[in-house]
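Pasting the structures here.
Each of the next two complexes has subunit A plus one other chain: subunit B in the first, subunit C in the second.
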Partner chain A sequence: MQLSLRGREVLWASIFLAIPLAFFLYFRILPAFQALYLSLYDWHVDPSQRRFVGLEHYERLWEDPLMRRALSNTLLYSLLGVPLQIALGLVLALLLQRVPVARDFFRAVYFAPYVTPVVAVAWVWSWMLSPHFGLVNELLVFLGIPPQPFLQSPSQALPTVTWVVVWQNLGFQVVLFLAGLQSIPRQYYEAARIDGAEGWRLFRHITWPLLNPVLVFSVVIGTIGYLQLFTQVVNLNFTDQGGPLNSTLTLALYIYQTAFLRFDLGYAAAITVVLFVLILAITLFQLKFLTRRIEV
Partner chain B sequence: MRWRQRLGDLLTLFLLALGGVVMVLPFLWMVLTSLKPFPEIFELHFLPREPTLENYEEILFRTGFLRWFVNSLLVAAITTLSVLFFDSLAGYTLARLRFPGRNLVFILILSTLMVPTEMLVIPWYVMSAERGWINTYWGLLFPGLITAFGVFLMRQFFQTLPQDLFDAGRIDGLSEFGIFWRIGLPLVRPALAALGIFTFLGNWNAFLWPLIVVQTPEMRTLPVGIALFSGEAGTAWHLIMAASSLAVLPVLLVFIFFQRQIIEGVVLTGLKG
Partner chain C sequence: MRGISVMILMTLSFALAQPITITYWQYEFRSKVEAIDELIRRFQEQNPGIRVVHQTFPYDAFQQKVATSIPAGQGPDVVNLYYGWTPTWVRAGYLVPLPEEWARRVEREFVPMVRAAIVEGQLFGVPTAVRSLALFYNQDLFRRNGIATPPRTWEEFLAVGSRLTLRQGNRFTQIGYGVAPDGQDHHLVREVLVRQFGGQPYSEDGRRVLYNSPAGLQAFSFYTDWVRRHAIGVPGFFPGNNGYRDGFIAGRIGMIIDGSFAIGTIRQGARFNLGVAELPRDPNGPRANFGSFWLHGLTPLATGPKREAALRFLEFITSEEAQRYWLEKVGELPASRRLIQDPALLRDPIYGPFIASLAYATATPFVDETAQRRVMVDAINRVLLQNVDPAQSLRLAAEEEQRILDRFWGR
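Up next, the complex of A and B:
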């Protein structure tokens, strides 16, 4: 059989794509719809025993105080963490850009935590922050500041967890911003200097607008990460996950507990649908309102 | 003017060094604690008075640590190889071959990026329970074998290559797979390296799905093993820190050797993706 050149290309394309396409359909797209489907049923191991409940789980979510707490905590994590890691990352990148020596050394130091295992790092911080023998409190006492309860306190636990996440993500931010800064052509600054612009005005009118693509990327990726926060929350307070008094509970942790500790899989599936919609809505909103077209 | 410049440089250096201490201190404290015998960890000494390797001995030989390490290595390595092969093959096909429905396939794959893992783990669990995948290596592996992000990234890179190269391959009589394997792949090596690093780290760190699918101690991956061991160890911080050190130090070592490639890889994927 003689195939045309065009026909051969189509044949090869279908061979090359067969496995990846089957994978995405079977392990990504089908399960996403299954989650939607499961959220309409009361879970039972035997499929014939699953009872259709319609939107009952979604109504229950509305009244569930733990769900409200998890949702507001999750939003609070993103509102605290994203601006903090972006601000610190930008300041450090600007410092790195102007440091005369050891730039690569510092860049590596700041980046190192990003590659280390999250679980191990969370336990290290949990030891450092322990109220009685933790290094952080020893340092505070040394500086004349009273020791703090940190992860044991319902009001301090959430910001403390956020800090640990920021500490680990910071290097990623720094490296991205540094690359962004280095891609801005020097001539722009020189031209602006000739026009008499200095310091803050250079930053405001050249650096900031030209960093927009990196900034939008950082905000979107950062927010998605915080909305899915799980590993740090579990490991920083392992004996009281999500505590104290649910003050660190996130949507992801609530999903895990509902599905795999209480085996209420249908209700947990409904929470995952809410999380999906939340991430989608926030991402689209950010892309629409943060992206600036740059005219040069 | 010159002394102002100098002062600025010094201040910059000072601030960076201060931040650097905050970055390094946890690792330092982790290692120092891991070298102390139990009673010493509650004293105020910074350096161990009687340094000991006993904590490491305990972790290495009296817990499942080595097994967890090997499990993680196995899962991360297989996943990474599979991702590198299939993601680049799919990315290549979507970028360079013409066939009906190409855009539809691309959008279908891209749309899966929108779905958070949390939404998939419940159906994955149900699926695994029905098919006997719970507590198996296949169960640990299957969710990560191909990634939409990688397909997207590789497609972007293959699109930037000039068509002449591929036409030359056809004239030389290479098969379509030969063109992909011998002409396409070598040209996107930096992207492959970056994707490989990202995939390996992501799987080495994975916690949520392994925690769900693993049921016996010997199937645990390193993150799950460390979390559950530490949870049981309570206040035995000398042991928890020894376990953490054993998980952190190899990664740090690899990072120090390959820092340039790793950081450039992050920039490459971050800015292209």
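Up next, the complex of A and C:
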């Protein structure tokens, strides 16, 4: 049988796509279903000794104050972090676009935190934010503001951690927006200027709508990132992870502690399923309500 | 008769020809890794038919590795674990009980706290070394402030503490005591202060929380007052993991309460004359200390001839020879009752106070160390960071911890 050129291309493409797809199915999708299965059992090394408990773990989730705390913290991280990251990223990208000199230098400066290891970032920030020796408090005292406990305060720790994460993600966000800005054809601005539009109106009617794809991508990816927040939280308070007083605990950290420090993998799997459903629901919601069809 | 001996001979030669390989896991800590390597070398010399593979993982990844590898059938035959993890590991099937005679050996040869490795009547492992708590102090700082001897009572402790505390406005530049609820202080409150004030932290069988008593509350408030009333220290003075220890090493903290496992790190870092003393106490009251240990346990992967080999290895690394070597190399206290009676060791200015404390140290009967640790750390932090009334905070903690115990014991 002779395949047409097109047919052969399709065949090859499918073969090449099948390999990563199989990998993805086996290492990503299958474990997700396994988690669902595990969540119905009490964990034991020996599969024959795993006791079927049905939905017991889900009932326990409902009454678990730490679970509630982890859930509300996780949502709060996303609600604070995503808008802040996007707003600052957009402002910086717009400013950077106007910088005529040393543009690459500035871009590198803003991108540097993104490629710095999280552990190093956490270490440096925990010193900068120290109530007794930190640079930030030094500055506050100089300005006549009393020193703040930041990471050591149950009420300030979550916003402080969020800030460190925003600071670290900012570089990536800026790069995304710069790419988005560059893809907007110059002609639109020129045409608008001829019609007498300036400044804010250019932004409002051209830049903002045409950045929508970048914005949607940023919101979705950013939200998923905050919903899975783990490394920064662990490293900013290493000996009381999720503390003080569980004020920085996230779902991912709670899953980790339950599964790998308390060997309660069945219950941890149930939390994983909740996190999975949560991410899926929020992502679908965002895709539906944020995406704008743009007609030019 | 002849047939049997021929069979034994054949099995023996087969066993000799086919060396048995067993795997030992521990977390990465240089002196411990080197010590086990050396012990394996000695063991293999004496047991040519057994080969021991030694694998280590970073501390943060250790439990995760164990959790996932053993179910996959690829993990260790002998594994090193913190005693407080034993019950959760046992429940999840990660450890198998040791033979009867091992439990008798523990009763006979080891310091009493090692009984914490017994879960529901069965022994799940044995340690090479044990640890206790003591007061570390900066002798140079003491001398500069005219303090001649380490505090023996809590009254003296508070007096020394406030003398060594320096403030600048709202901020501290030096503190007398390195307050660390999430360091060793949660143990200090639970096992030391509660007992010293005449209370009991838990019931005899470890199934009931008893620290929410008048004595317990006195102990708890006494501790939180170090920060609230006496201001001899503040939590999080130095940031980072074990900031209290770093601050002490840096010479900015006069005293800390820490475990014998910290001796090495502190000695290596401190640029001042280090002093160690037994924990302060009421001269008429009872003595108390918190003891803990890492034990070597057998996993379900050690079956058949591997189990025999693993038990032999276990016996070797917990022998008195190994314990003596461990003390020299790692600097951890021997777990043998006999070895800690060595007068030279008791006279040692650094090890002495820890050794002396072993006689009256208790290992908290944790069932879920991660969760129970958090309960006490949070109880302290509620008072220190949120100004919650100590009585209320302690009551909440007792209720929360009782729920953890009840869940474990199935009530």
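Keep in mind that, in the parts below, the second predicted complex is superposed on the first by the 270 of 296 C-alpha atoms of A that agree within 3 Å, B and C clash if a C-alpha of one lies under 4 Å from a C-alpha of the other, contacts with A are read in each partner's own complex, and residues count from 1 in each chain.
The rule we apply is simple: a contact is a pair of C-beta atoms (placed from the backbone, for glycine too) under 8 Å apart; a residue touches a chain by one contact, two chains touch by 3 or more.
All figures in this text were calculated on a predicted structure; none of them were measured in a lab.
After alignment on the shared subunit A, the placement of subunit B and subunit C results in a clash.
Set side by side, subunit B and subunit C differ in how many residues of subunit A they touch, and the one touching more is B.
Looking at the shared chain after the overlay, A:W123 reaches both subunit B and subunit C. When the two complexes are overlaid on their common chain A, residue A:A179 makes contact with subunit B while staying clear of subunit C. Residue contacts after overlaying the shared chain place A:W208 against neither subunit B nor subunit C.
After overlaying the two complexes on the shared chain, residue contacts for A:F285 are found with neither subunit B nor subunit C.
In the superposed model, A:T239 makes contact with both subunit B and subunit C.
By the touch criterion stated above, A:Q49 is placed in contact with subunit C alone, subunit B being left untouched.
By the touch criterion defined above, A:A259 lies against subunit B and subunit C together after alignment on the C-alpha atoms of chain A. Residues 45, 123, 127, 130, 133, 238-239, 256, 259-260, 265 of subunit A lie at the contact with subunit B in one complex and at the contact with subunit C in the other.
Partner subunit A is touched in their complex by these residues of subunit B: 8-9, 12-13, 15-16, 19-20, 22-27, 29-30, 33, 41-42, 44, 86-87, 89-90, 92-94, 97-100, 102, 105, 108-109, 111-112, 114-127, 129, 142-143, 145-146, 148, 151, 176-177, 180, 201, 204-205, 207-208, 211-212, 222-224, 226-227, 230-231, 237, 240-241, 243-244, 247-248, 251-252, 255-256, 259-260, 262-263, 266-267, 270-271. Across the complex, subunit A meets subunit C through its residues 43-46, 49, 123, 126-127, 129-133, 137, 141, 146-147, 149, 151-154, 238-240, 243-246, 256-257, 259-265. Of all the residues in subunit C, the ones that touch subunit A in their complex are 63-64, 67, 70-71, 85, 88-89, 91-94, 169-173, 180-183, 234-242, 300, 368, 370-371, 374, 377-378, 381-382, 385-386. Partner subunit B is touched in their complex by these residues of subunit A: 6, 8-10, 12-14, 16-17, 19-21, 23-24, 27-32, 34-35, 38, 45, 92, 95-96, 98-101, 104, 106-113, 115-121, 123-125, 127-128, 130, 133, 135, 138, 167, 170-172, 175-176, 179-180, 213-214, 217, 224, 227-228, 230-231, 234-235, 238-239, 251-252, 255-256, 259-260, 265, 268-269, 272-273, 275-276, 279-280, 283.
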